[in-house]
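A, B and C are the chain letters, set down in written order, and residue numbers restart from 1 in every chain.
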Amino acid sequence: MALLSVQGISVSIGALCPLEGVTFDIDKGEILGLVGESGSGKSLTAMCVMGLLPRIGGTITKGSIAFDGRELIGLPEIELRRLRGKRIALISQNPMTSLDPIIRIGAQIDQVSILHLGLSAEAAKARSLDLIAQLRIPEPAAIHRAYPHQLSGGMKQRIVIAMALAADPDLIVADEPTTALDVTIQAQIIQIMVELVRDRGLALMLITHDMGVVAQACDRVVVLYAGRVAEMNAIGEIFAEPKHPYTRELICCIPRLGQKPGSLKGIPGVVPSIVDYPDGCRFNPRCSNAQALCRDRAPALEPKSSGLAACHFSEV
Amino acid sequence: MTAFAPIRTAIRSPRGGVSAAVLVLVVACALFAPLIAPYAYDIQNLPGANTEPGAAHWMGTDEFGRDLMSRIIYGARTSLSVAVTAISISVAAGLTLGAMAGYFGGWFDRAVTAVVDLTWSFPEILIALILIAIIGPGLESTMVAISIAYLAQFTRLTRAQIMALKNETYVEATTNLGAGHFHIIFRHLLPNALTPVIVAGMLATGDAIILEATLGFFGLGAQPPTPSWGAMMSSGTAQIFIAPWIIIFPGLAIAITVISINLFGDALIEALDIRNRLRSV
Amino acid sequence: MDASVPRDDSLVTMTDLTREFSSGGGFMKPRRTMRAVNDVSLDVPRGKVTGVVGESGCGKSTLARLVLRLLEATEGTVIFDGKNLATQSQAEMRKLRRQMQMVFQDPYSAIDPRYTIRRALLEPFQVQGEAKTAAEARATVDELISMVGLSPRIMDSFPHQLSGGQKQRVGIARALALRPSFLVLDEPTASLDVSIQAQIVDLLEALKEELGLTYLFISHDLSLVRYFCDRVVVMYLGRVMEILPGAETQPRHHYAHALLDSNFEPDPTRRKIVTMLGGEIPSPFAKIPGCAFAARCPAASDACRRERPPLTNLGDGHMIACHNPMD
């Protein structure tokens, strides 16, 4: 049984319905990529898993989220809080939202293992120093004493990862963890994060818009488009044989080494806005294969030759 | 057009609607005083002095037997015209100074900021009193004093807006098209900075009415027999135990007008969603 | 310093360009200066796309603004089409600006929120004192809008009613209004969605062919720069590290190599093992006597820390500033 199983969740915020029938699961030891452009609902999906939806006034209207066999929807806040941090940890895009600017770095990491693992202050400090070193931060002891503002953005994000690991969670939800960072720093952090997650057999849900990062790090991929799952498949198949036209075209949006000039076209049209989603398949106005059926009826997420895709006309 | 939409929204909110109605009434009194007032404001009737409020004189009469309600209606004219004129001058000057200082920076900015910070650290009343002490009492001096007293506020606010706006990409883009400073300031920066400054000006009009009344109370504002709410309250102090209405009704007029201005301004700030931009001072 | 391309070929020539910024210098605070652009000499060949790539703080955006004299250089010169920009009067500069335009990174704030698209597109002519009749104005706006692939229906919209991609198209149309020959593209796709980024790059490629434009393309995305540009200039901390004459040239500077190495291909069969660079990007205020990359470079020697390597030609216009280049 999967560690996290999300089945057909729909979300409403006021009159809007930003997520519809989102389905995926993550096994232990697996890195799942959640890919999409702005408005695809990828961050919202993370909030559902973390049980943070009520904070932005959203509700899950349908579906189920089971973590380690336990239904999360309808769980009282106090139980959710016990899960968050302890068994499910979050790494957000902006490290400053996770770090308290007036508390020393060390104390913030120590706190996590004192709180969730019941360690003594000394044991917690030893553990924090060890984690900082594992994130390949030079001079762990000096960093342990530093305040967040004394560190660069890349260092801060590493500290946030150390904090996420401190409680020995089973699942880490990382929402665009490297988007705000420079490319050389991004590459290093992705590398370190993937190594640590693999070594410990943790599950990682990696939310990103960057197909390069997905190709580098993930085992399986869920592609979201305008609040619905377009496709879900193993990493090799997603890139070699995409079943949804959106996936195929999204991959072609990134120039490859040696690609001929004039061959990068992009996907025509605009990313649809939540206030006027098209009828039928939401990708139909931008799809080169769209038929009358695509405009009339939304395709269901169905098994294809491999994986799942929501397309009336996927060839295989 | 879209410019009136926030005003409409403000009027639709409960406090905005009530305060707008009161303000319309006060402005109507000021504009049509001769038509509305039951008596002339300066006709004395010594035998009928200090008459209690009643059927003939709804708010009673003052120590010279003049009808209090008529004087309050005419007083709205004085208060509003002084406050509105003074604040308009102040806003116009503040916009110019603040825009120049914020846009050009350098020594001009440092000089303006120094003077503005200096006046900012004194209460408005003190600045107004000092100025009147120099130029002498009267309606015009009151206007000048009030406009200078509030100048710092509008200069600071405009400067802060301009400093934030001048870093917007469209300013750089337009500069790169070959636009000069004049074009940038008048076509882009000021139009975008205007709204919060005008709303701040509106709110300050309420304070200016109080300042005008205070100066009037000290006898430094409008000179007799021109009716002014502040001067009326001042003369009421002598009669406070015999004829308390002489001080109560002008006081109420001031309070109701100022509260309405503040409530309406607040509703407008909400409708425009500019609370943050006003706080930047 | 010798140049990679004969100078007569180039539309823009930068020589020893330096720009300093200072901060602090208040009460009890020492004044600190940083060199955002540090002694850069570079040519932009006519009709070609020159790419400048680097991470935050490398000075690429400052360089873009120096080239257009939106910022004054502390030292050095910019020659545009034979004219030294620093010596142009305001009126001459205004006329020159018709020739050199810019597309900005943030389309969301590149148009005045109070302007309709029509008014924003006519502003370049207004600014240049070019009067237009109503019919001419309509024709001009129509032409500009269709040139960037937008529908005329958006003409009376306000910027906030458009998507990011549409706004960036308006930004490009505005930059092209005065028929410039030279366009500085400052991360024109960085704040757009992936599927829209590629559209914009496609549009820029087509416009370049159609109008015979010369581009200076500023970006942090090496894969995009390698795809789009004829020449690639790699910058780090205000300095030019390496100039690659073509997209296929393998970088030999350790920093350029690390940058390439950090770029994940959208292909799971070509996963990388990222070389870990030691240390952090130094503070821009730090005075670095040697190579700017020495603190993080795996091949740094004493000479690298002591002495700044000059930009030298390896042949075929491949230039590198490194004491110990890679093989």
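Note that in this section a contact is a pair of C-beta atoms (placed from the backbone, for glycine too) under 8 Å apart; a residue touches a chain by one contact, two chains touch by 3 or more.
Values in this document were obtained by computation on a predicted structure and should not be read as measured data.
Novice: Based on mean C-alpha positions, which chain is nearest the centroid of every protein C-alpha shown?
Specialist: C
Novice: As a test of understanding: of all chains, whose mean C-alpha position lies farthest from that of subunit A?
Specialist: B
Novice: What's the distance between the Cα centroids of subunit A and subunit B, rounded to whole Å?
Specialist: 55
Novice: Measure off the straight-line distance from the CA centroid of subunit B to the CA centroid of subunit C, and report it in whole Å.
Specialist: 50
Novice: I'd like the Å distance between the centres of subunit A and subunit C, where a centre is the mean of that chain's Cα atoms.
Specialist: Distance between chain centres: 32 Å.
Novice: In the complex, go through subunit C and note every residue touching subunit A.
Specialist: Within the complex, subunit C touches subunit A at residues 55-56, 163, 165-166, 193-202, 205-206, 220-224, 226-228, 247-248, 258-259, 261-274, 276-281.
Novice: So in the complex, which bits of subunit A are touching subunit C?
Specialist: 37-38, 136, 138, 152, 154-155, 182-188, 190-191, 209-216, 218, 235-236, 239, 249-259, 261-262, 264-268, 270-271, 273, 286
Novice: Using the touch definition up top, name the residues of subunit C that touch subunit B in the complex.
Specialist: Checking each residue of subunit C against subunit B gives 68, 70, 90, 93-95, 97-98, 100-102, 104-106, 109-114, 123-124, 127-128, 171, 174-175, 177-178.
Novice: Which residues of subunit B touch subunit C once you look at their complex with the stated criterion?
Specialist: 168-170, 172-180, 183, 187-188, 191-192
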